[in-house]
Amino acid sequence: MTNLLKDLKQPAETSLNQELHKFAADLYPICRSITGNGIRETLSRIKGRIPLQIFEVPTGTQVFDWNVPKEWNIRDAYIAGPDGKRVVDFRECNLHVMNYSVPVHKTMPLSELKPHLFTIPEHPDWIPYRTSYYKEDWGFCLSHHQLMGLNDSEYEVCIDSTLQDGYLTYGECYLGGQSSDEVLISCHACHPSLANDNLSGLAVATFLAKYLSGKDLRYSYRFLFIPATIGAITWLARNRESAGRIRHGLVLTCIGDSGGFHYKKSRRGNAEVDRAAAHILRHSGESAEILEFSPYGYDERQYCSPGFNLPVGCLMRSVWGSFPEYHTSADNLDFIKPQQLAGSLLACAAILDVLENNRSYRNEFPYGEPQLGRRGLYGSIGGEACEDQILARLWVLNLSDGKHSLLDIAERSGILFSTISEAANLLCQKGLLSVVNNEHGEGAALGRSGTLPSQPGL
Amino acid sequence: MTNLLKDLKQPAETSLNQELHKFAADLYPICRSITGNGIRETLSRIKGRIPLQIFEVPTGTQVFDWNVPKEWNIRDAYIAGPDGKRVVDFRECNLHVMNYSVPVHKTMPLSELKPHLFTIPEHPDWIPYRTSYYKEDWGFCLSHHQLMGLNDSEYEVCIDSTLQDGYLTYGECYLGGQSSDEVLISCHACHPSLANDNLSGLAVATFLAKYLSGKDLRYSYRFLFIPATIGAITWLARNRESAGRIRHGLVLTCIGDSGGFHYKKSRRGNAEVDRAAAHILRHSGESAEILEFSPYGYDERQYCSPGFNLPVGCLMRSVWGSFPEYHTSADNLDFIKPQQLAGSLLACAAILDVLENNRSYRNEFPYGEPQLGRRGLYGSIGGEACEDQILARLWVLNLSDGKHSLLDIAERSGILFSTISEAANLLCQKGLLSVVNNEHGEGAALGRSGTLPSQPGL
Amino acid sequence: MTNLLKDLKQPAETSLNQELHKFAADLYPICRSITGNGIRETLSRIKGRIPLQIFEVPTGTQVFDWNVPKEWNIRDAYIAGPDGKRVVDFRECNLHVMNYSVPVHKTMPLSELKPHLFTIPEHPDWIPYRTSYYKEDWGFCLSHHQLMGLNDSEYEVCIDSTLQDGYLTYGECYLGGQSSDEVLISCHACHPSLANDNLSGLAVATFLAKYLSGKDLRYSYRFLFIPATIGAITWLARNRESAGRIRHGLVLTCIGDSGGFHYKKSRRGNAEVDRAAAHILRHSGESAEILEFSPYGYDERQYCSPGFNLPVGCLMRSVWGSFPEYHTSADNLDFIKPQQLAGSLLACAAILDVLENNRSYRNEFPYGEPQLGRRGLYGSIGGEACEDQILARLWVLNLSDGKHSLLDIAERSGILFSTISEAANLLCQKGLLSVVNNEHGEGAALGRSGTLPSQPGL
């Protein structure tokens, strides 16, 4: 029995907390975009920690309804006043430039400049994050205070960027398991200095991959570090066969702030990963909310498009778009917390632990209860209260008719999956229970039919 | 795309409000019954506004388990005191005579008269409405104050009515559409001077038929103006083939008072019309309640009898029987409101708009999202909030796998059907979407199997 | 139409109340166990009231995964102080000896005795109930006050019991009905002086069997009076064919205290008995709660083991284990109430009344409503309110399409089953309705497939 949680809980958690945050901090200054050297450098640092294969897809490559865009790189950008002093400076914060801005260098009055300036009047100290990937344009993002400080004079406007044929870059970390059926963990790596939205997912996914590598796993795991939308579409277009092997998946995003957990279900709504995540979060002791699928969000949009309809949900803490710091300079390293990053890592491990151990069993003594007492599985003094472990054994025996998985049993009994799973393990050892489905048979069947079985009726 | 709402909302609503109420007022004085000249005159006035075919079914005709009753007509009725003065006078209010009273003309003491008198002690100013269609009897309805004013003297009792072989009269307005599949709108026309219970339905149905005539409609529409119960049974017995073409239906009753909407579901409980009505009322901005089917009520009782089990619900404002004015002289022209009549007309049109436009589509680019930006279907500046129209496009694309109708999508997304429908229309124009089912194939299949598909599992 | 409730409600209830309690009081002093003369004597007294067949199964007989244990009998037991005075005396309360204690007779210091003593510190006046059926051991149960009164001197410890080859004894009362399909009523008879937990079930089951005997019943009834767990397992092992004929079943336990009703559903969760019990309890006028199945409890554990999965629920008042008196000397004759015992008997009869009368019918006039008025089934004066009886007739006619049982109709309409059933009976008499399924055909089909049809979709 795989037990992903046991090892993870044992090391001093404080050091794990700090390491996660430190990795996010290392990546923070890099100016990432959906293409270019920022994401390349980011992937290179991830590769320093886990086995990562990096792919470069040329500009113009058709990926379904899209084409891989030109590669964007930037060296410098600023708005300077008549005295030559920079009033907006890319070197201070890479959010100042609208991502994918085409090069520009001219002098213009404020009136001409203004349509290219973005601010957040309600948060006058914050810099917004804006992009223009698919329409050639340029712009600056600045604090509303900065904008208010500008006067009617002429400004020198400079964006020293390049937008030309090149590559879209993404990284894959594949960990082989007993089965060729796959679990997908996907996070986007295309946002510049934004901590919760981007770095929290990258850090947790990297540490999760490191933690799983070397374990004897039931499933194979594929970690994707990709630019949002175009990256997921590119990967799907190039990996339709691999996509067909995905049995469960999680998109990780905004997973480091101090908010409670949110899990957005896959389009299927009752996929095993949806139920596993709901079970773990419900028992997590933290505030947790399960959200219905919607086709707006992160890359689950692509994985759950109707042609794929993959069982991929999205794990978050605060929901993107719902907190004011989202897509602003306030989503910084203070906004993500060491303890929350580690808690998210643990939640991921717990969800994977359910998937790794969820199987159906058959009670070998289905007529009446088998005599647990003589096998040391029951208290010997009658009349006393029943412990949770014994209750778990009774539930597993009662529902193990080959039609109920351990997750079904955990849900119906209200007992934590890990307790149910331990009971099943013990009952197997005692010869009272046997596994129903052989892994590969199950996987193969699923692969052929293209659909996962839904929750058996209770 | 049919858009029933657009035109209806544009004219000055105030004049529509008044016209509806005025038509009800025109019909108010007529002494209707389930047969006879009252309903004949009523249908004749409706025919003045919409193309109406009037049917006369002879007394004695067997209609399922029933027979068409004798025709009842009344000229005058009164109770006169010893001084010859009328103390109860049909000419003042046609509710004074128990509907279908046989002729009587004699003088009798109050003690003999009393078993024939009906009052409402709790509302001593109101006159109740009573009928005795299937048991030959006579009676007077009067206010409790009137009853209290009677003394022990002899009274002249006169009901100048006839009950003899004749006809049951009803009207049909048929509006042909692209499909021979029908939508049924049914209202009863058999109550004398009762405004909410009877005239509100007649007015709204008449105006709705007028409004639909000349439109290019997907479905054919059949409006029935019939006596309650025996009329619906008579129509069903004579039109079993037409009944088999009914795909959706609404009974309209008590639809003009100032109360919030109530929709009583069809026996099926999840028919498309049930879901359409629930969706529209939930988004109507008015208080609205959805009621489960019960076999007591108006003519949905007949349409939903087990041999037919038609998908016909009942749209009301205050529920018949639940307001004290029901079946009394207080259900008068003041009790129904111009604005509420027009609001009900609009609600009917909105429900029909859902039915007209509800189809299943197939996303022609189902692998990942198609690139909406390059088609002008998506905002070009990334990082900003998503508008409702764009969200509707994403939902339609995501769920258009041929298994989800637009109503399914509206329900799952929580977005108004009309927004979803507009999104589908636009996506079709852009070549991203195609209609799945051909109209006649679908209709024909339904006709053969006799059952409508239930809501697809989400 | 069987009407189990009519006769039961007519006799003066007070005498029934007292008789039930008196029978429990008669059985109270007997020291029962899972084998031995205590249960034998108990069954013998039950046999004095109803036709009971008593079975003796030899020690060592294999019953599924278990073996029938040695037979235990006890004559006397005590702990005596240095002065020879009994400080704990079996003759005062048979709970003082841990049930199934092996013989012991020696003198020992308190320190050696203490591990064999059981008390309830939170309730220092109460004696706990403990057993050690499957591990050879001995012990005494005493009040915590008694324990506190012991000092460090030497005590004479004597348990004059025997544990040797013998028999396991149980009783069956079989009442044949029109169908060989069976209803199982099971209660345990293995607890010594415990009133609610054991005697309440025995008394109610005995009186229920007496009441049913001689009635013309649809189903055959099998009442089991058995030792808990091993008794149910023994019966199942010896009666696999009879078990296959069980269509509905109830385990009765803790059914005499002053608490509200609790019904624990069968493993199936929507078996007809589950729905019948829920319906009756919901309409009982008493507080009532429906509990989900769990594999911990009384003998429903065995009947609902996956190999059998019988539709057997458990009817209780206070739930075993949830009240402090449970498994203590405080579960005595004061704890059970004459009126509650009779109320439980009535609830059982009402549930069985549903099962006896629950059938599917077909409306012979399914097109529109049949004309009830001319058959005297409808009020003749139109415009007045509809009585419950008439409403029941309309519901039965509307849903009697052969797919809805009367229980379905009662649930959907919210009308009491007995009113629905009376309506169906009357409509049958009038020729408007006919029964759909023939009894034996249905039973036979069920027997072959081994599964009961689930609740038809509404």
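The chains carry the letters A, B and C, assigned in the order they are written, with residues numbered from 1 in each.
Keep in mind that, in the parts below, contacts are C-beta pairs under 8 Å (C-beta built on N, C-alpha and C of every residue); 3 or more make two chains touch, one makes a residue touch a chain.
The structure displayed is predicted, hence computed values, not measured ones.
*Asks:* Residue numbers at the chain B-chain C interface: does the shared fraction exceed half, giving same, or fall under half, giving different?
*Replies:* Comparing the two copies, chain B and chain C contact each other through largely different residue numbers, since under half are shared.
*Asks:* What rotation angle superposes the Cα atoms of chain A onto chain C, in degrees to the nearest 5?
*Replies:* Rotating chain A by 120 degrees superposes it on chain C.
*Asks:* Distance between chain B and chain C based on Cα centroids, please, to the nearest Å.
*Replies:* Each chain's C-alpha centroid was found; their separation is 53 Å.
*Asks:* What are the residues of chain A that contact at least two other chains?
*Replies:* There are none in chain A.
*Asks:* In their shared complex, at which residues does chain B touch chain A?
*Replies:* Those in contact with chain A are residues 363, 365-371, 373-374, 380-386, 391, 394-395, 397-401, 412-413, 458.
*Asks:* Which chain B residues qualify as touching chain C in the complex?
*Replies:* It is residues 63-66, 99, 128-135, 137, 229, 232-233, 236-237, 267, 269, 292, 294-296, 301-302, 304-309, 321, 327 of chain B that touch chain C.
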